[in-house]
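Structures given as structure tokens follow.
In the two complexes that follow, chain A is the common piece, with chain B as its partner first and chain C second.
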Partner chain A sequence: MIGARRDGFLLAALGAWVLTPIAVLIVRAFAQSWRFPQILPDATDAWPALSAAGTGRVTSALIASLALALATGLFGTVIGFLIARSAVRVGRRFQQLTLAAAFFTVIAPPIALGVGLQVAVLGIGLGGTFTGVFLAHLVPVTGYLTLFAVGVFASFDLSLEDEARTLGASPWQVLSRIVVPLLGRRLGEGLILGGLVSWGQLAITLLVGGGVVRTLPVELLSMVQSGNDQAGAFAALMLSLPPMFAIGLLTVGARRTGASL
Partner chain B sequence: MTIRNGLELSHAYVPFGEKTGLEDVNLQVARGERVALLGPSGVGKTSLLRAIAGLGKLSSGTVRVDGRDVTAAPPEGRGIVYMHQSPSLFPHVSVLDNVAFPLEVRGVPRSAARAAATELLERVRLRSAALRQPSTLSGGQRHRVALARALAADPAVLLLDEPFASLDPGLRAEVRDAVVDLLERGDGPAVLLVTHDVDEAAGLADRLAVLLQARIAQIGVPAEVLACPRSLAVARFVGLPNLMRGVRDRRAVVTCALGAFDRPGPPGPVVVTARGGALRVRARQGGATIGTVRGLVDRVHGTAVRIDVDGERLLAVPELGLQLEVGASVDVVVDPTSLHVIEEPADGD
Partner chain C sequence: MSRRDLPGLLAAVVVASPVLIGAVYSTLAAVGLVGVGAQGFTLERVIDTLTSSETWSGVAWTFATAGAATAVAVAAAFVLAVRVRDRRFGQVMAMLPMAVPHVAAALAALLMFGQSGLLSRLTYALGLTTAPADFQPLVYDRAGVSLVLTFVWKELPYLTLTAMAVLLVDSRELEEVARTLGATARQTFWRVTWPQLWRGTAPAVIAAFAFLVGQYEMPALLAPSNPTALSILIYERAVDPNLLRRGEAHVLGLLALSISGLLVVAHQWWRARAEPGP
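Presenting the complex of A and B:
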């Protein structure tokens, strides 16, 4: 009984801890002003936030973020799964090296990774371009997706591919008729995960995009720096929606297939 | 010599990790023939099969299929089908689509491929399961479907990696019968199967190849390998129960615990072997070697007797109706022509 009560308390505390920033964002997005020591704002008016979010700059930033997320998710999934598949097949040493390299892109401070990527992208003449930012985002996205895909392939029966090959299937047929159908859900999850990693990138975008490529996080930072907290809160909510949507989508998908999230 | 039909492996060296696992393997399996590769765990049997199928590498050597050099060909271009120990049926398609798979990837129209697959399922008595998912099949049924799928590829060579290892004894018989029924002689595929079960190999294969210490230690028809092992290691691996110290004198007379018999060869210590059934035990009548009963062994094929003869522990078959007690003296009768001499000293000699 005491254990159940303690678990319930811990769960509630965790929920409050996680949801508080979202709750504050929602309140701030609809508050005209909200200053210390007020517990709650005096008056609400969403119009200023809506009109700020509806400007051409925010809309084009939203489109840029969506395009980057989709492109990096797609390419990152393909690259990450191919690297992971090779790593699992080739052997333990190569697998460990691959995991270490992938893990570095995940744990390295984004600002440090961003500086390196900035130099590299400027070196190929793509600084301040959408393509340059796409290539830069692809690095951490591929890292995340390689780690994810190594886990996926660890439980994938590679003998299916072997038997398919000796039964006459070409590598392409094995991929299209065996691997992709069997990993369909996992590929979808990879696409979403990769898109979300790109969706939240700020440091890399600023460094490589040089302020020319403006994504939603860049616009959000600009709003907050200029003191437009209400519009900033609204943009932050927009930025938080895809992750929430992804969790819902993955939960529904997991329920349909009987798997766990 | 190159065989025109079937599998020919010449001077094959198979790596095992960073070391060489198998050395200078030479093997020919004709179309319609079944050869069993026997060997202890870890000797490299599976690595050899995978290398033949193109799923692993040969350090050197050549693989020919129906006279064609396929050493550098990809797995799908060799005419060789490799079946895993636990059949890997594709879990996302039906049994019928599993069997139709080899035909469809070769460009056979879907309807024709499914019709051919249905016929093959009929041959393995699983037509009624055509639309089921593989996960709903029993272990034996999965093996039969995998066999039907392998044959749908119309291979020149079929490699079976421990085909019965994952099955319990009852299902083993079912799948073994299916293998025998399905694999035609004549123009059927050359079959190379890996197993460590000597009885199973002897019952199924036309020839046995024993892999020991990185090489093929002996290859021949089952009766020859089991009755006349070329070395003590082969005799031990195939499980010959009666290995006796012997010595051959200058007159070519070999003397062992069971007596003396003529067998040409150089003088010196030898090992004399006899299959379990070659020794018979009867009540004391005289005129035969005397042994002492040490115990009875109940086996699937009948009861055997453990006996001591002049310090050697042997296994023999009792005469029908003979009542035996531990410690009793018995006559041990043996036909000297059934004894085999291995030209090497026994351990400790």
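Presenting the complex of A and C:
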């Protein structure tokens, strides 16, 4: 009885800890003014807030972020799965080496990666361009997706490919009729995961994009630093909604198939 | 190495190559051979940067805030994993902050912990303070209170889900066996649950710490300017109007990459130790 009450308290504390910052963002985004010492704003009117912040900067930044997320998710999934497929077919030592390399790209400070990549991207004339930022985002995205795909291939029966080849299937037929259908859902998850990694990138975008490529995180930082908290909070919500939707989608998918996320 | 291993080696090279290319460029830029402000080979920037007290106070502050946040997040994740691992609400709540990007979480912290933020308003309403200036600064403060709390908020989901996965897969049957054999709840926790939990989550703990060390978005909005977090120091040098200082960004970047490299080695070593061999 005491244990159940303690767990209930723990869950309530967890709910408050997690939801309060999100609630604060929602209130700030939709309140015309929220002056000290008001704990809650007097009146909320969503439309002026939305029209001020939603048009122009946030919208174009949202489009740029979506395009980058889609492109990096797509290319990252293809590259990550190809790398992982090569890695799982070899001995444990080289598999570990690939995993370590992928893990390094995941945890290496984006700002440190960005400083080196900035010089490299400038060298090929792509500094301050969408393509340059796309290439730079691909680095961490590929790392995440390689780690993800190695996990996927751990439960994938590679002998199916060999059997199909023995029966005379061409490499294209093996790919289109065996590998892609069997990995379909996982490829979709990879696309979402890759998109999410790109979606939140700020440091790399700032350095490689040089302030010219305005993604939603770049715009949000600029709004907050210029003191425009309301537009910043609105941009923060726009930035948080797609990941919430994607995580919800993955969770529902995982529950339906009995897989763990 | 056999021919069969070549694709594996190639895969590792492909994954690592962008980082290696960046690191090579950074190395060349650090010694003044390429990049903006390059004036021929010199070790001056490397020596100046690595002997600067600003660099090492920044590194120490970064390690301290990342370490404190990781310790708090690990403790909270373990408690949640043990107590509420079977509760759907707990699982959903534990996962939710994952969806909020770091820069958005930092803004929420600013709105909560700033001197005119929500907490300050609550203390005013309770009569504990009479003006925003009376409220203890929790943002841009040397102790990094709001930064550490925001780090914890963002890292808790990853660590909690990892700990829950470890317990769901590895511990349940062993716990039941221990209880059947007469172990008390306390004995079961310390002799069965805790060793499984620690061994299973240690690589994730190292990864979380490494990730926080390299964080840029949250320090950019919440950290003080003195000492300066390592990531902020790198960015400031990279965009310094004085072109001669930009080489310092590369030295600092290489320092950060070296720290990450050491943490990757620690992570892989611990994983290899925790996982059974082939």
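The definition used in the following text is that the second predicted complex is superposed on the first by the 235 of 261 C-alpha atoms of A that agree within 3 Å, B and C clash if a C-alpha of one lies under 4 Å from a C-alpha of the other, contacts with A are read in each partner's own complex, and residues count from 1 in each chain.
The working rule: a residue touches a chain if its C-beta (ideal position, glycine included) is under 8 Å from a C-beta of that chain, and two chains touch if they have at least 3 such contacts.
The model shown is predicted, which means the values in this text are computed figures rather than measured ones.
J.: Chain B versus chain C on the shared chain A, clash or fit?
T.: fit
J.: Is A:172 in contact with chain B, with chain C, with both, or with neither (first, second, both, neither)?
T.: After superposing on A, A:172 lies clear of both chain B and chain C.
J.: Pick one for A:182: touches chain B only (first), chain C only (second), both, or neither.
T.: Only chain B is touched by A:182; chain C is not.
J.: Looking at A:160 after the superposition, I want to know if it touches chain B, chain C, both of them or none. Which is it: first, second, both, neither?
T.: In the superposed model, A:160 contacts chain B only, not chain C.
J.: Identify which of chain B and chain C touches the larger number of residues of chain A.
T.: Looking at chain A, the partner in contact with more of its residues is C.
J.: So in the superposed three-chain picture, is A:116 touching just chain B, just chain C, both, or none of them (first/second/both/neither)?
T.: Once the two structures are laid over each other on A, A:116 reaches chain C alone.
J.: Nearest approach of chain B to chain C by C-alpha atoms in the superposition, in Å, rounded to an integer.
T.: Between chain B and chain C, the minimum C-alpha distance equals 6 Å.
J.: Considering each complex separately, which residues of chain A are in contact with chain B in the first and with chain C in the second?
T.: No residue sits in both footprints.
J.: List the residues on chain A that touch chain B in their complex, please.
T.: 157, 159-160, 162-170, 173, 177-178, 181-182
J.: Residue numbers of chain A touching chain C in their complex, please.
T.: 6-7, 10-11, 14-15, 17-22, 24-25, 28, 36-39, 79, 83-84, 86-87, 89-120, 123, 138-139, 142-143, 146, 199-200, 202-203, 206-207, 217, 220-221, 224-225, 229, 232-233, 236-237, 239-240, 243-244, 246-247, 251, 260-261
J.: Inside the complex, what are the residues of chain C that reach chain A?
T.: Residues in contact with chain A: 4-5, 7-16, 18-19, 21-26, 29, 34-35, 79-80, 83-84, 87, 89-90, 93-105, 107-112, 116, 118, 120-122, 124-125, 132, 153, 161, 165, 168, 207, 210-211, 213-217, 220-221, 230-231, 234-235, 238, 249-250, 252-254, 256-257, 260-261, 263-264, 267-268, 272, 278.
J.: Can you check the complex and tell me which residues of chain B touch chain A?
T.: Its residues touching chain A are 50, 53-55, 74-76, 78, 80-84, 86, 88, 90-92, 101-102, 105-106, 149-150, 152-153, 159.
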